[in-house]
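Heads up, the next two complexes both have subunit A, just with different partners, subunit B and then subunit C.
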Partner chain A sequence: MESIIFHQPRYLGEAIQLLHETPNPALLAGGTDLIIDINKERKKVETVIDLSRIEVLKTITVNEIEIEIGSMVTFANLCENPIIKQEFFGLFLCAKHFAAPQIRNMATIGGNIINASAAADSVPVIMSLEGKFVFNSVEGERIICAVEYFSNYEKEKIKPHEVLTKIKLPRKGYLSGFYKLGKRNSLAIARINAAVSLKEKEGVVEKINIALGAVGRYPFRVTEIEKICVEKPLSYLESDEVLIGLETAVYESIKNRPTMPFKKEAVKGVYILALQSALGGELNG
Partner chain B sequence: MYEFYVNGSLVQTEKDLSLIDFLREELNITSVKNGCAEGTCGACTIIVDGKAMRACVLTTSRVNGKKIMTIEGFTDFEKEVYRYSFAKTGAVQCGFCTPGMVMSTKALLDQNPHPNDEEIKKALRGNVCRCTGYVKIIEAVKLVASLLDTGCIPDETYTGKIGESIPRVDAYDKVVGIADYVDDIKLPGMLYGKALRSKYPRALVKKIDVNKALQHPDCVCVLTAKDVPGERFIGHLVHDWPALIAEGEETRYVGDALALVASTKKASLEEILNLIDVDYEELEPITRPQDALKPDAPKIHPNGNILRIEKIERGNVEEAFKNAKYVVSNHYSTPFTEHAFLEPESAIAFYEGDILTIYSGAQGIYDEYREISMLLGIPKEKMRIISKYVGGAFGGKEDMSVQHHAALLAYHTKKPVKVTLSRKESIMVHPKRHAMEIDCTTACDEEGNIIAFKAKIVSDTGAYASLGGPVLQRACTHAAGPYHIPNVLIEGMAVYTNNPPAGAFRGFGVTQSAFAAESNLNQLAKLIGISPWEIRYKNAVSPGEVLPNGQIASEDTAIKETLLAVKEEYEKHQYVGIACAMKNSGLGVGVPDVGRCKLTIIDNKIHVRTSAARVGQGLTTVLLQIVCETVGVKPEDVVVEHPDTLHTPNSGTSTASRQTLFTGEACRRAALELKKALEGKTLRELANEEFYGEYEGITDPMNSPKPNPISHVAYGYATQVVVLNEEGKVMKVIAAHDCGKAINPITVEGQIEGGIVMGLGYALTEDFPLNKGVPQVSFGKLGLFRTTDIPEIKSIIIEKNNSELAYGAKGIGEITTIPTAPAVQGAYYLLDGKFRTSLPLKETYYKK
Partner chain C sequence: MSYRVIGKEVKRVDAVNKVTGKAKFTDDFFERDMLIGKVLRSPYAHAKIKNINVDKAKALEGVVEVLTYKDLPNIKYATAGHPYSLDPKHRDVADRTILTDKARHVGDSIAIVIAKDELIAEKALKLIEVDYEVLPFVLDPEKAMEPGAPIIHDDRPNNVISSVGQEFGNVDEDFKNADYVFTGEYETSVVQHCHLENHTAYAYMENDRIVIVSSTQIPHIARRIVAEALGLPWGKVRVIKPYIGGGFGNKQEVIVEPMVAAMTLAVNGRPVRYTMTREESFIATRTRHAMKFYMKTAVTKDHKLQAIHIKAISNNGAYASHGHSIIMSAISKFRPLYNFKSFKAEPKTVYTNLPSAGAMRGYGVPQIFFALESHLDDIAKKLNIDPIEFRMNNVIQAGHVDPISKLTVRTFGIPECIKKGKELIKWDEKQELYKNQTGEKRRGLGMACFSYFSGTYPVCLEVAGCRIAMNQDGSVQLMLGATEIGQGADTVFTQMAAEAIGIPVDMVHIISTQDTDVAPFDTGAYASRQTYITGAAVKQAAIEVKKQVLEIASRKTGLKVENLDIVDGKIIEVGLNRLICDISEIALEAFYDRIDSKPITSDTSVNVRTNAIAYGVSFAEVEVDMLTGQIEVLHLINVHDSGTIINPILAEGQVHGGVSMSLGAALSERLMFDERTGAPLNNNLLDYKLQTIMDTPNIEAHFVELPDPTGAFGQKSLGENPTISPAPAVRNAVLDATGVAFNKIPMNPQSVFEKFKEEGLL
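Now for the complex of A and B:
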């Protein structure tokens, strides 16, 4: 293996300057993917910028309207944060069931998002919670909705000189849940996952966001189905209309893939379990 | 064996040393500044295992196994962020406290990347800055925090034109601790020198036995009075100050030097001094002017105990008092004040061939030239004085403190010798602000027009004259303030005592007399039933009117403008005090006063050469901007050299708020010559050519027979408003200053903010108690304001000067400190009705 230039900036600004000055750097944000790729020589890297010493990226801050999660917050950190458990239960569940404990201690939410794997666990949850990504560069700050980011990925994806610094989630008081189906529970890469956030009043749905992962190139929201659920009783959320709608959405998304027949069936169960976790607490084992 | 990491490298030592000495002397890490060595000033702040700590209270044994960081360990990115932020916001003046501030900032931001103002103030509470008033340092910290996140350090270019707030050119090196102050320099084979100070303020020195000291293995020489080859008595103006006290002579104060020691090791100095036996006969010191004036009082100097008498008389005050509607009369007392510049005095003397060269950090290299040449009896051609960076002065570095001693030791040993005062010695040795006793009477008519002012001022000038004569004179000439008063009688007397000498200090006597006169106005306004603002506005001089000293106020006089500028704020708040001031630029009163400057073209750059001392006030940048404006070049084309008697012409002392005007004008004149020569030519074609400029301020002497003598070439004017809360805490200060023209506005603001905070200390917390002539304070007990003490400060700059001299600039350095104390006095008078007449004010939020 050739030598790699390794930077370990102490400050975000320093990382931004390095990104500005360095051609094609790899950002190290936990390393649960990058290091493996480098070791297996799947990826050729000349310069690595390690973000692990930048304190501001490792903090979770809360104000009245939103929570800001630093991109270097690990999944283990997410599990431990009381506000996330109380107000963003779907994210809590996602973090809790994310891979193995060793990986949860290292893997970061930012790394999970930026790798942009179809099966990235955190993305559907962030989408359902109406989250936004904050990117910084020498040009300043760029804020973009998670949904917009992935639906227009080729245009909006992270630029070579940018760094994802924060994920902002509005504190709207959603009930939220998450479920993923893997081959071997949490250790596995999700075969399919779903995140649900909703608001209800006296048994009537005021607002619902449903996001699906691992059923397409990128996770997405099923806005057509979300719309028809509004002002319906909660029981409607488990109705055939909704479930068939989900089945159709999955079919449309991956109709040419061999996994389609399995996933269009599985999505229904995964969604129901995600919904139930939102409404009634944790169901995942 | 102790082991620890310094900036990532493992360091091992057998010695259990003070950490500051180890870092500075053994590792040459000179960003760690030695400001007090008592753990109170914060200039030596370093980071130990992530926490900001003071190197002077640590030892190599106590940091065993720990990780230490200094600025030298910063990444390039961090250095750039701190440099840019501190320079851009104007947070650097003398720069001596700056590296410590930077370290405290780093320790804070590593823990808390986005601190609020209160958190910043708390984190910097242990770092004293005497120049800036902290306002801009707090702004700098916020900018650092933001840039550490964004990484967007702007690439800014400046024109250097007048009125542009360009970052100070010397700030960059000061921030990262690579600007050399004298004590940061080490020469090969250098010896260390120190003086034996008198045990008593007043004692007959019968015998000085140095034999035991000479036996010490590290001792190179011990010098006494008989080793002075030239004039033993020297002094800035009056030659009454012996470099060493002789056998058979009486000491005059506790800072008197009896012997000088040179040692190969700094650490041995104290031991060697302890081996000198002095046979004293202790005598009762004279510690009050009234005692010194008694007919049977011992004479401190051959001509008696009165240094100077002044009298200013216009009109007939007694007659006017008879016809006055309201008369107030009070007695005021003001204390000695310590300058507390952050850099203790230091000098190195050494021979370059047969030229005795001195590195100094004081207020005028030609003062050292003159006095040391006298002391050693050698011609000036055989001497060279070079100024290094100066870590603050405020008037306290006008006299010889260490320079003459280093020179004398080098003269005898022919080796380089460094003499640096400890903070304790510095407090004991250098002249203070005069304590004054002032009787002050002000009278007005029914409408509040002041018709007469009378004052009697007695100043305690301590053991030696220093600048005591001119200080008394300014106290008197400015006592009546910037008002039109037809009848004035001011009498002053400066008296020697066995207290530490008193000399120049920012405000130069006017801080004291203005406290008295302005406080009187507060009482008078109450009697008449008009506001303190009104009585001032009603009486303030307009251009063309006559000042109390007889001078006609010139067109640029803007005292009324400063009053109008603060009016809205004054009326908005409940517990407010207000005071006005005027302060001369230049020595004036017929004393020869010349600014000189030379521009030399070297390697396509314009080198500005003048001896004018840069004590942190920002003159380097002012001169650079004058050259840029006049010649039409860019800042990067200009190099301002350090003062050096070999290259830079004599531009007098940095005193009397004179340099921006005097040296600035000389620089402008030189620049005009250069501009003429540049027509159709390039700098390259003018290589090695020199362009000279000189400006002499012509004034009339004291007691000139002219009806309206010109005492000074220019006066600055100011009004300050102090706002208290219900508990008496100073919440806000609004300051309007007429500086003619702000060459660099952010520097002017820095002078205003720093002056106000110094003035607040003078008003409320600073004191200099003496017990039988012996100072009773350490640096930590001086009562200096810290970050957490400062109020909000709003600076308003008034520019109304069309004079071409230095583009209309007038001095701002001193006046900023003058109105603060009486404004606080007035605010307290309004708050609790108590009329306080002594400083620091008693029974306040700050002092019970």
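Now for the complex of A and C:
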């Protein structure tokens, strides 16, 4: 390993300036992806800009219409925040089942998004909650909704001089849930994950957002299925039509993968468990 | 028999040291000018080294030496931690050198760099230029036996390490006359020990002797094997074993010790440390043999087992290590449980280009019981009979003598274990409740039995030494060659010495570190032998000490030795129960009497020529999610017959760990390899799904205590035992819940799903 230049700015402006001036810098958040990539020589890095001293990135702020989560907020922080638990239960569940305590203490939501793994747990949740990403650079601010970011990833993905500063989630009062199927109950990368956010009135679905992860290169929403659920009774959400719709979506997404036969079936169970967690609080403790 | 210390929940003697971080492990020791060794590992599963150039690596600043096979003696040695055998035919297969000129698996050891620090050593590894001639390779043992398969070791052109089997009775006859014949095929996967502390050792020279500090289960054996590997007189090697962070059989192998010895020799005796990474540990130490069993069983109309014919293939990987001993252990240790009239086993242990398999907790027995206990449930299902009644109808009785090994079963607790487990899990009640389920989540119950040995007799020598020296205050030092590897051995030996001498446990100072220069001879921690075998030595030495104390007391008082006893550190007159004096008075006399001074010590050794068969049963309750293929173990109960339990709380801990290991094998653990390259796919703890505490169900440990007359205190083995029966119990519970028989583990969501699909459940 060659030596690496290491910067540790205190202020966001400083970080943005450094980003602007340094060719090919790597931003360091919790390091749970980046440091491993460097050690395994999957990533060659000359300069690292560590974001861990920039306080503004670590805050969660709330106003009437939305909650803003700093990109350096860790999954442990998310677990502890009462508003997240009350209003964004899906995100709470995602954080609670994320990795294991040691990783939760280090891993940030921003790192999870930018790392852009197919199985990133927070991404489907943010998609289902209609979240937006806020990027900053010397050119100013860029806001893009999560769904758009990943559906048009090659064009929209983070630029070398940008920093992800916040994730905005609208306070729409959705019931939200999340479920992850892993090979064990802790420290498991999702084989499949699903996030559901919905609004119902007297047992009738007013709006539902369903996002799936680890069944394609990036997580995605199944808008066709979402549409047909609207104005149907809640029981419809577990109907064969919906389940077959999910099966088809997964089939289409990963047709040629050896895991397709398994995932297109298992997605139904994962979705149902995510849905139930949204409607009835968490199952299985 | 009533005991004062045995059977009590005595606190671990190393507890405070370990929880406060004071206990020293191999990596906690530092020497001046210590160098760091690193090993270049083969990227190919099978390749000849045509040329190897280390010039650039050597030229790197900070590199002290670079070694290849050319620099080391060309001596083949065996790594298995067995006692040496005077009979050359009974020795392990010597098929490896410290560094190789031909890679036989991805991860094989090609070259060693010794440098000032780890980073330099790593850099230097990349500068070594190896010109490989890549050879065809084979991962599947059945394919390895086919004509034309790649030859891994020249002296075994068919890749079969051994195919020695065993039989008794007339299997053919019994199958001919059988009312029913059942067959089944069962398979286990490659799993790994995953001890917390990776293999690590360092070595230096003192005059012309090599001193090795190593995380090993078997210091005395390590000493011999290092000497063999380097062609040195055995006395030139000294091995020191401090606290160790787990071994589970993987450190009953001599892996890093010959390497560090070779390293220090190469740098004029300077200390050199070599610590494996986790990734290396997965591929360059040992794994558990993946085994495949073909079982054929004859049963009578009234459901009596008649004959069993087992064909088995054991995937040994690239080097023999413990080799065929493991499957021989399997086909021997399962026998004293069910009453078969005839038995025939045809096992084959086969070389492939996978990392070597070796000793791992249970030594082949978890694999065979997965097959057998699954097979018995499959038979019970086909006969439409209760699997428990079926087993009870066929178990042996105390007094049973194995027709081949001639081992005698003196205590047989299986019926009681089953009764207890059945009640605890509410078998009958829940069987009723879980009938005819159709939902998305289905529950079921399963159970499985096992038998296991206490040590290796009659296959291997069972020798253990013990030395006790009394101090002036009447306390004693207890010195053993047996090793504490986390299982609690030091604590139970302390209890045994305290019990047999008659002093409180805090007057026994056990020396936890084994140094082959001073520790009594004992072959170490494996085969669940120490409590039974070394226990006999401790008792013998303690009785000798007690005798010496009482002789002095007799001399002092004029009372006969028979009329005296030691209770809680006090000399008393038996009968009257009258206090005579404190033991320290006797000890002082022993030291300082102007005429009779002779400090109290004993130094003994036992050669144990019995074996006590231990038993147990697991009961499991599971819930299967039909949609995702997830299996949740709701409850797991192990009931053990291990004779007298020396320390209930340590015994319980042993059961918890063993069960967790077995659940991992049943549900999630599998070391995977790329079929196209032979490279490991998940040799790290994120991708290799070792069970976490979040996966661990409520585990209950219970004991049926039938003191075995051959155990010094009635004890039998417990170390490896808990890891045998949980996997088949869970498998049988899944069968009960879903009607689907899983004959291959692990049962992870995807494999469960695929099997459901195959069976038409989805």
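Quick note on the criterion: the second predicted complex is superposed on the first by the 282 of 285 C-alpha atoms of A that agree within 3 Å, B and C clash if a C-alpha of one lies under 4 Å from a C-alpha of the other, contacts with A are read in each partner's own complex, and residues count from 1 in each chain.
Everything that follows uses one rule, which is that contacts are C-beta pairs under 8 Å (C-beta built on N, C-alpha and C of every residue); 3 or more make two chains touch, one makes a residue touch a chain.
These numbers come from a predicted model, not from an experiment.
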Touching partner for A:181 - first (subunit B), second (subunit C), both, neither: second
Touched partner set for A:254, first subunit B, second subunit C, both or neither: neither
Which partner, subunit B or subunit C, touches more subunit A residues: C
Which superposed partner A:93 touches (first subunit B, second subunit C, both, neither): neither
Touching partner for A:56 - first (subunit B), second (subunit C), both, neither: first
Contacts of A:262 with subunit B and subunit C, given as first, second, both or neither: second
Which superposed partner A:109 touches (first subunit B, second subunit C, both, neither): neither
Touched partner set for A:69, first subunit B, second subunit C, both or neither: neither
Touched partner set for A:191, first subunit B, second subunit C, both or neither: second
Touching partner for A:270 - first (subunit B), second (subunit C), both, neither: second
Touching both subunit B and subunit C, residues of subunit A: none
Contact set on subunit A toward subunit B in their complex: 9-17, 20, 55-56, 59, 136, 138, 140
Subunit A contact footprint on subunit B (complex, rising order): 75, 77-78, 81, 110, 113-114, 147-153
Subunit A to subunit C touching residues, read off their complex: 1, 100, 181, 183-189, 191, 259, 261-262, 265-266, 268-270, 272-273
Touching residues (chain side subunit C, partner subunit A) in the complex: 119, 122-123, 440, 625-630, 667-668, 685-687, 689-695, 748-750, 753-754, 757, 762
